[in-house]
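One structure, pasted below without further comment.
Per-chain numbering from 1; labels A, B and C assigned in written order.
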Amino acid sequence: MSRAALLVLADGRFPAGGHAHSGGAEAAVKAGRVTGAASLEDFCRGRLHTAGRVAAALAAAAVLGVDPVELDAAADARTPSPALRTAARKLGRQLTRAARATWPSDELDALAREFPKGAHQPVVLGLTARAAGLGAVDAAYCAAYESVSGPASATVRLLSLDPFEATGVLARLAPELDRVADRAVEDARCVVDEGADALPAASAPLLEIGAEVHAGWGVRLFAS
Amino acid sequence: MGADTARRVDGVTEAVAVAGVRATARILARDDGRGGTSLPVLEGDGPLALRRTRGSGDEARVMLVGAMSGPLGGDHFTVQAAVEAGARLRVGSAAATIALPGQAKGESRYDVRLTVADGGELHWLPEQLISARGSDLYATTRVDLGATSRLVLREEQVLGRAGEDPGRLTSRLVLRVGGRTVLDQELACGPGAPGGWDGPAVLAGHRAVGQLVVVRPEFAAEPVAARVLGEGAAVVPLAGPAALVTAVAADGLRLRRVLDEALGRLR
Amino acid sequence: MHLDHSHDGPAAVSADARRADGSRRALRIGLGGPVGSGKTATVAALCRALREELSLAVVTNDIYTREDAEFLLREAVLPPERITAVETGACPHTAIRDDISANLEAVEDLEDEVGPLDLILVESGGDNLTATFSKGLVDAQIFVIDVAGGDDIPRKGGPGVTTADLLVVNKTDLAPYVGSDLGRMAADAKAQRAELPVVFQSLRSEPGVSDVAAWVRTRLAAWTA
């Protein structure tokens, strides 16, 4: 396994469509819930321990060889908002494309056939990590990190927030990212033995509600 | 009951007995063959008491009258309701359930297990669950429905009594329809919950949060349209024949108003 | 890619000339250029000029979602199912150059849903002089500037002006009013672009978009040859 492959996959410039999504930050900014670095940090922390934790466990379980169809259904059950399900599948489809071009693999081709309109992004992320020769913990780190880096860079654009402050937020969350990634791998091992019901189901009501509010806007900067 | 006999041994607290109360209530609803619903099983022990109340039409009604002063720390309550094919059951509770700290250390549990066979219908509409300061409760609701079962289920969590900080509350709601998991959600809040629970992504200072689940076979062909109900609530179609209303509000009264309004729209 | 010509494989990865079923895909032409230079008006005029002879569709990349798409819908230049808006997260140049995945998805969906198509026009969100399309997304690109934006733009150059397959200098009817020297613009463009073509057009008078439409027909003939 190449450690550097992790850097390629986790790079914010990896061309998989993430730049057009705010991870709920646009709705939270508009509602006045995120107004600066402190509230961004609180937002990111909440997202990390809910959507981020679930995404990390899904990705790790996919690396460990759990059936992607089963994981995708579990992701649906953990994503009540249809706007978020659509966004997750869109991003999954885009990542599938980038991954097949970057790390060609039969598993990714099979996934593209099974889900022509896209599987949930964390499931694709796990299979991408697998194709890149990475491990479960690497995929968990990518998913957990994406759950906070997306909102942070979106908030830089939405609030003209000082980019150094936004990066500082991410750095302060690093120890919690470590814990979430480790726990996601433990969860994923349980999924191997017990099935997808063992996945965490941590939810964030305002992310779900905010995603539906956002989807109804006629004018917005981000797709979600 | 509920007393803990922790003792100090060389400065180390040791729980000698996990001495919470264990209580179970069971309901079985059956089509009585005469256009009504009978309740061949209706039993509750300890603090969980059940009363049959006057039903309407072919529906049987049951009131949970016990659990208002519990669970306390270490207690483990279980409520099971099974609705057989063609039966209709409506369950409510007489008052809010308040999770309180007990003398026993450790979390208390409240498990609700609901099954509805094909063609059966269940309305599960208990009063709020209030997480009092210092309490530590893990509440789970697992619902198993047949492909043609119908369900209306409401859950409301209120974080702290008026002006009070909440205890720790984790609640998980799992809904299966025809063997497929359609919804699996866990919300953790209060002291000791993972960070950010009261922040802008999760609750943002709201002290009441609720879910309303409506399952109807018709939703498979014609799902509800996603719709926002103010800044704090949305009705969404799940990936199955079900609709979910998620709502946050400043307090339990306002939450109930939003959920009632949403239920009215789903009728 | 190893699956380009497979008949039962999943969709192709990038700018491959053939679709998953082996058929030739539509020619994709990008239109970029600064805000207000007349990209959307040119797209609308091209649709009107070509829609009788070609099966075509449009993808827009808006800064705020759907504005340009809604203009095209209001103008009814194509049936609504032939117009798709891509959301760009405040970075329209990223969506056409650095991370083209959402645009690739949009063009593939259009071919699947309203195809077969001869031509897809991909319009970028109004951006600056540096925004160009990735070769992974389009087969040729048109850069649209206008005389009112200053007659020194061709001299300043930049990747769009210098490398686009076609440079369009739009709104020539305004030149007398804004004091732009069309001769100087033509000379500067020639210096920057050598043999690459330049079209001066005004959509408010004849012949309107017909030079650009003729250029598109030539590209399409080469594509299907």
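Please note the rule applied: a residue touches a chain if its C-beta (ideal position, glycine included) is under 8 Å from a C-beta of that chain, and two chains touch if they have at least 3 such contacts.
Just so it is clear, the model here is predicted, and its values are computed rather than measured.
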Quiz item: Given the contact rule stated at the top, which pair of chains has the most C-beta pairs in contact?
Solution: A-B
Practice problem: From the Cα centroids, identify the chain that ends up most central relative to all protein Cα atoms. | Solution: A
Quiz prompt | Centre-of-Cα separation between chain B and chain A, whole angstrom | solution = 29
Quiz prompt | Intercentroid distance (Cα basis), chain C paired with chain B, Å | solution = 56
Quiz prompt | Centroid spacing, where centroids are CA-atom means, of chain A and chain C in whole angstrom | solution = 32
Quiz prompt | Complex interface listing, chain A residues touching chain B | solution = 24, 28, 31, 33-34, 39, 42-50, 53, 73-74, 76-78, 80-83, 85, 176, 196-197, 199-209, 212-213, 215-216
Quiz item: Considering the complex alone, what residue numbers of chain B touch chain A?
Solution: 172, 174, 180-188, 194-197, 199-204, 209, 226-228, 231-234, 236-239, 244, 246-248
Practice problem: Going by the contact rule at the top, pick out the chain A residues touching chain C in the complex. | Solution: 13, 15-22, 90, 93-95, 97-98, 100-101, 104, 109, 112-113, 116, 154, 157-158, 218-223
Self-check item: Residues of chain C defined as touching chain A within the complex
Solution: 1-3, 9-11, 13-14, 63-67, 86-91, 94-95, 98-102, 104-105
